[in-house]
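This report concerns only the one structure given below.
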Amino acid sequence: MILSLGISPQPGALERAQKLLLELGMQYQVLHTPNATVIVVTSDADALPGHLFTQLDGIEKVVRLGNRSPLSRPGADGALGVTFGHGPAAVTVGGGAAPLIVAGPCSVESREHILETTAAVKTAGARALRGGAYKPRTSPYDFQGLGLEGLKYLREAGEAFQMPVISEVMSADQIAGAAPYVDVFQVGARNMYNYELLKELGRQPKPVLLKRAMSATVDELVQSAEYILSEGNPWVILCERGIRTFETRVRNTLDLSCVPVLRSLTNLPVMVDPSHAVGKRDFIRTMSRAAIACGADGLLLETHLVPAKSISDAAQAISPAVLSEIVKDAQVIYNALNPKITVQSGAISQ
Amino acid sequence: MILSLGISPQPGALERAQKLLLELGMQYQVLHTPNATVIVVTSDADALPGHLFTQLDGIEKVVRLGNRSPLSRPGADGALGVTFGHGPAAVTVGGGAAPLIVAGPCSVESREHILETTAAVKTAGARALRGGAYKPRTSPYDFQGLGLEGLKYLREAGEAFQMPVISEVMSADQIAGAAPYVDVFQVGARNMYNYELLKELGRQPKPVLLKRAMSATVDELVQSAEYILSEGNPWVILCERGIRTFETRVRNTLDLSCVPVLRSLTNLPVMVDPSHAVGKRDFIRTMSRAAIACGADGLLLETHLVPAKSISDAAQAISPAVLSEIVKDAQVIYNALNPKITVQSGAISQ
Amino acid sequence: MILSLGISPQPGALERAQKLLLELGMQYQVLHTPNATVIVVTSDADALPGHLFTQLDGIEKVVRLGNRSPLSRPGADGALGVTFGHGPAAVTVGGGAAPLIVAGPCSVESREHILETTAAVKTAGARALRGGAYKPRTSPYDFQGLGLEGLKYLREAGEAFQMPVISEVMSADQIAGAAPYVDVFQVGARNMYNYELLKELGRQPKPVLLKRAMSATVDELVQSAEYILSEGNPWVILCERGIRTFETRVRNTLDLSCVPVLRSLTNLPVMVDPSHAVGKRDFIRTMSRAAIACGADGLLLETHLVPAKSISDAAQAISPAVLSEIVKDAQVIYNALNPKITVQSGAISQ
Amino acid sequence: MILSLGISPQPGALERAQKLLLELGMQYQVLHTPNATVIVVTSDADALPGHLFTQLDGIEKVVRLGNRSPLSRPGADGALGVTFGHGPAAVTVGGGAAPLIVAGPCSVESREHILETTAAVKTAGARALRGGAYKPRTSPYDFQGLGLEGLKYLREAGEAFQMPVISEVMSADQIAGAAPYVDVFQVGARNMYNYELLKELGRQPKPVLLKRAMSATVDELVQSAEYILSEGNPWVILCERGIRTFETRVRNTLDLSCVPVLRSLTNLPVMVDPSHAVGKRDFIRTMSRAAIACGADGLLLETHLVPAKSISDAAQAISPAVLSEIVKDAQVIYNALNPKITVQSGAISQ
């Protein structure tokens, strides 16, 4: 930690800062440069709250160094592969694996609907199934999801087609009931700061797919992952799904540069959900290509048999035909950029 | 709802749209203008999901009209006054009342701490007490709050100094336990989209102070309020606390124009929390003046006896002396702009 | 300047940094803290380009200290008052003067129009006149302004009603021609980064009203002012007019916290233009109150006799009646917050 | 154009709107829906200023339909190819051509420097040369560029290595002097709204590379292009270079989704400059891959022999070795996604 007192320190500012540091048991060194007088804290200041010093009169700037999210740091073991599902349905995302395509409807609309849709996404080449049973809707008058019943249908469909299942839970009290039916718990963008939920998910063993909140910095995403990791669950998959900006032509601005940035900060797998980002079907295939090209570990794609009829987020649901194209695009791009690994068309195998 | 097919409608687009509208039982009228062919839906389309039409090939734009948040609409009864606390401690915010100043520490740090601080904020002129027992922290390594114990101390302090109590709950399961100790439940910015929490708070009778999420549009804030109102609880207080922008000189950009905008959309009281917005003590007094001048129904201010020692958010805690100045500023500005109402110095009384 | 090599410096990173510093003739000190190894540059690094070090492999962070905009720093002389106009029409903004209200139409539409409008804004209490002759329009098909002819009418109106004149120039080649007709050159938000224009304006003696670009940080605004100041012209007036955010209910988000922030960084006057920010007439009066309350040195207000008929930006033009109310509000608030200075109703005098 | 009077039209609102429309010679139809009363303007309202109606009391919303940028609309001729340079050095960007890689130093630092660097980027596989002679710097104390002298060196280098030249001009008065030395005029992000400059560039015949301003919407970029096109110059190349957001880990957020969005709006070529977006060398190669994968017509890359020593923007300059890798990546990805076109390794030929 470095405290800058600016170019002309206020009277008493240096003494106040030194006094506080001594009280906190911190060692430090004072340096005078032409641009500012600085205090470099040479003890471990990681545990000190961010604002403890900025409030001191005369402290112009506080610079935090170091990484406050140690558990997800890139390590000697390399990138983390997260495996989920069982038996022949098991898949791995990250850790050097070929990109994992996860697809399914935005919401589980009925038993029949999810069975039909799963058949189609399986055929198209997806290897894991997503579907919403608990839906966070901006307006209370929108469809809220089938709840536990929806999860049962989802699991049934996953079993029938040998695909592991990812679904969202919105509060800690949904975890226990959902656990038998999901292989991965999804935390939606709106819940990235829901620390109670994150801590609870950290206390159970199934992987967690953590979506970046619409205005979260990459650092905040990593810190939210840290909440889960710090409770004991190491299986966290990060997911970029677009950030909120001033641009109105898309629903959210897909921030693909977060993929390489996250790789430099953490060893966790990084997936991309273009569906909620670009929000228009026409662009999803294009941005899926870009996501694979910049190294995403996988894609999350909303797919619907008849996209027009999707109860929720219909604008961004793609058809199984388009999903099939995206799966092929992903193989083609991945193979082209990773010539040592050969993958067959149809489904990406490892 | 209006669908635009653009200046040169795609072949079949009009028919597809008409077919879907008929299936949905909607009546409509097609109009050709030089800039676009449009379909004006003349039935009630409020309940239709937002994206049901954008996904149709050839629909260039979908325009939603109307207000999907009817319960908080400005009504014949005028602005809503929310009263909380009991006996001599009762206060009202909104509904034409003079601005309510709410102050207290960011966190309840100990019983002694909260008692001392409450005495000081009372003397300074605040009329309601805030304090955090459940703290949402960006990093899991930051102080998480005293929990229920902290709420008890908070209540004790409120009783001792005849001030009603506002405190945050972070999940639905904290509501019942906290209820005896708080007069108003606060929903933090990070939980503005936590619909489960909002619905639960809508099912109980105490007022809810709803903070705008850091990247929420004003419309989303109103829709979150709608979640609470639609469950039966009419007592919602909105609170602006700064939005996330590109500006780095402040923690969040205080968006005061949301005050008049919200007045045009809803009858709910609107408070302003400059502490979390400007994030630096020096600016809090200035922005408090601006907030009162543009008609905010009240202020939320973090106050600490010795701001330097505040365990959390120290940079933005103001001292009781500054709080006292802000209380006086608020009276002065409010009196100046509302000459019919006379308020005495020291404490704003109604 | 401080260079951080992170918690585990890359092999060779420290040596590379030291080598470069020596080549540049910089002195430095290396400090090891538990969070990072840092190099504190103890020579004057102000002139070094921002990125010279970030590109070195292994440099995790570069922290610049100091103020690269020395000419506008708050100084021993206190806040700068900028005086313009001549004789009885002279006015001062900043430097402790009462708020200056500047008003006029968005565009000079005709000689008759500007004479009528000026009469009305004078009566309403404004003390300086604004009007656009050179208009920057987002689309080439919008009205582009009357040019030099418009400036002549503007000057004529200013003379007739004893009001100094502020008008925008959009390129350096317009300066000489406009100079006889304006008292203050306005630089529009879209030209805040037009360094050629800024330098030219710095080489002439008339004051410059510099508008903050819609996505400029406060620091960038100050640096643009520095461009003008560094060429020799000390008379710069800063102006906040709203920043671009995700919020759609207003045209731009008025960032009033930049007023106190700018006061801490510079001694230049700071005005506020709520017209281009909130963009809706209803809110302009409210936000004008807030601007004065947080210490703005003045307001810029678009006014039109019949706002409905304004050729450009009609939505935000206020009527002279509303302008008159704003002038009174400003006096009332300023008097209330500055009790030693007595100002009469109608027009603020010094 | 559609005017909405909201769900409960204000008294007189409909009449006021109808009156204004009649005065303007507009035909219209009034429709009552359960959500709002709307007026659909059935005449050509394209030429009416955006705000003419929003100012009317009682107009809740104004919806503009149609495209106010007709000249760049996707047309029957398909995507536009822009050819520049002469003889063997001629290249084409857009119009279905393979991606064009443009590289060169941020600034022309000296004659020797630009000759050496051009040799290296030619060898690495770039086919056009960029270099700055007129530099827009945020601070007046940063290196401002070599001006006309720099352009001469740039041209000399281009001739020597048979590469066409792209360089930035910052004001209209630089155009004539620069014309003999450049094949393409670049308009920097800070000048995207410099309409005087755009109009002048529209009046001359050389292509213009128009960079998106850091907070420009895609629509504003297209409208700025329209300024150039409307003056008679059809050769405009658009360029995404990152937008300003809240994210602090990158210099600007690269908005790759603007590539497919722009394709839907215009037939102009779309290039991507990852150098100014991601701002860190490590990420530039990754994002270049993503840009090619989502269909960008080309890349602009800052390259320096010894990136550490680049006078400006050193952090983002890549070495010729990395440039060479990017050129190969681009071929590999382009070939993989466009199997009918065969391109050899080393340099992309058409």
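A, B, C and D label the chains in the order they appear, each numbered from 1.
In the analysis below, a contact is a pair of C-beta atoms (placed from the backbone, for glycine too) under 8 Å apart; a residue touches a chain by one contact, two chains touch by 3 or more.
This structure is a prediction, so every number in the text was calculated from the model and none was measured.
Student: Using the touch rule from the top, work out which pair, B-D or B-C, shares more C-beta pairs.
Tutor: Most C-beta pairs in contact, of the two: B-C.
Student: Taking each chain's centre as the mean of its CA atoms, which one is farthest from the centre of subunit C?
Tutor: A
Student: Centre to centre, by mean C-alpha position, how many angstrom separate subunit A and subunit B?
Tutor: Taking the average C-alpha coordinate of subunit A and of subunit B, the gap between them is 27 Å.
Student: In angstrom, rounded to a whole number, how far apart do the mean CA points of subunit B and subunit C lie?
Tutor: 31
Student: Averaging only over C-alpha atoms, locate the centres of subunit B and subunit D and give their separation in whole Å.
Tutor: Inter-chain centre distance comes to 40 Å.
Student: Indicate the residues of subunit A shared as contacts by at least two other chains.
Tutor: Where subunit A meets two or more other chains at a single residue, that happens at 46, 215, 244-246, 248.
Student: How is the touch graph of the chains shaped: line, ring, star, complete or other?
Tutor: complete
Student: State the interface residues of subunit D toward subunit B in the complex, per the touch definition above.
Tutor: 1-2, 4, 6-7, 29, 31-36, 38, 40-46, 61, 63-67, 244-246, 248
Student: Going by the contact rule at the top, pick out the subunit B residues touching subunit C in the complex.
Tutor: 215, 217-219, 243, 245-250, 253-261, 264, 277-278, 282-283, 286-287, 289-295, 329, 332-333, 335-337
Student: Which subunit B residues qualify as touching subunit A in the complex?
Tutor: Answer in residue numbers: 20, 46-47, 49, 51-52, 54-56, 68-69, 136-143, 170-173, 190-191, 193-197, 199, 214-215, 220, 223, 226-227, 230, 244, 280-281, 307-308, 310-317.
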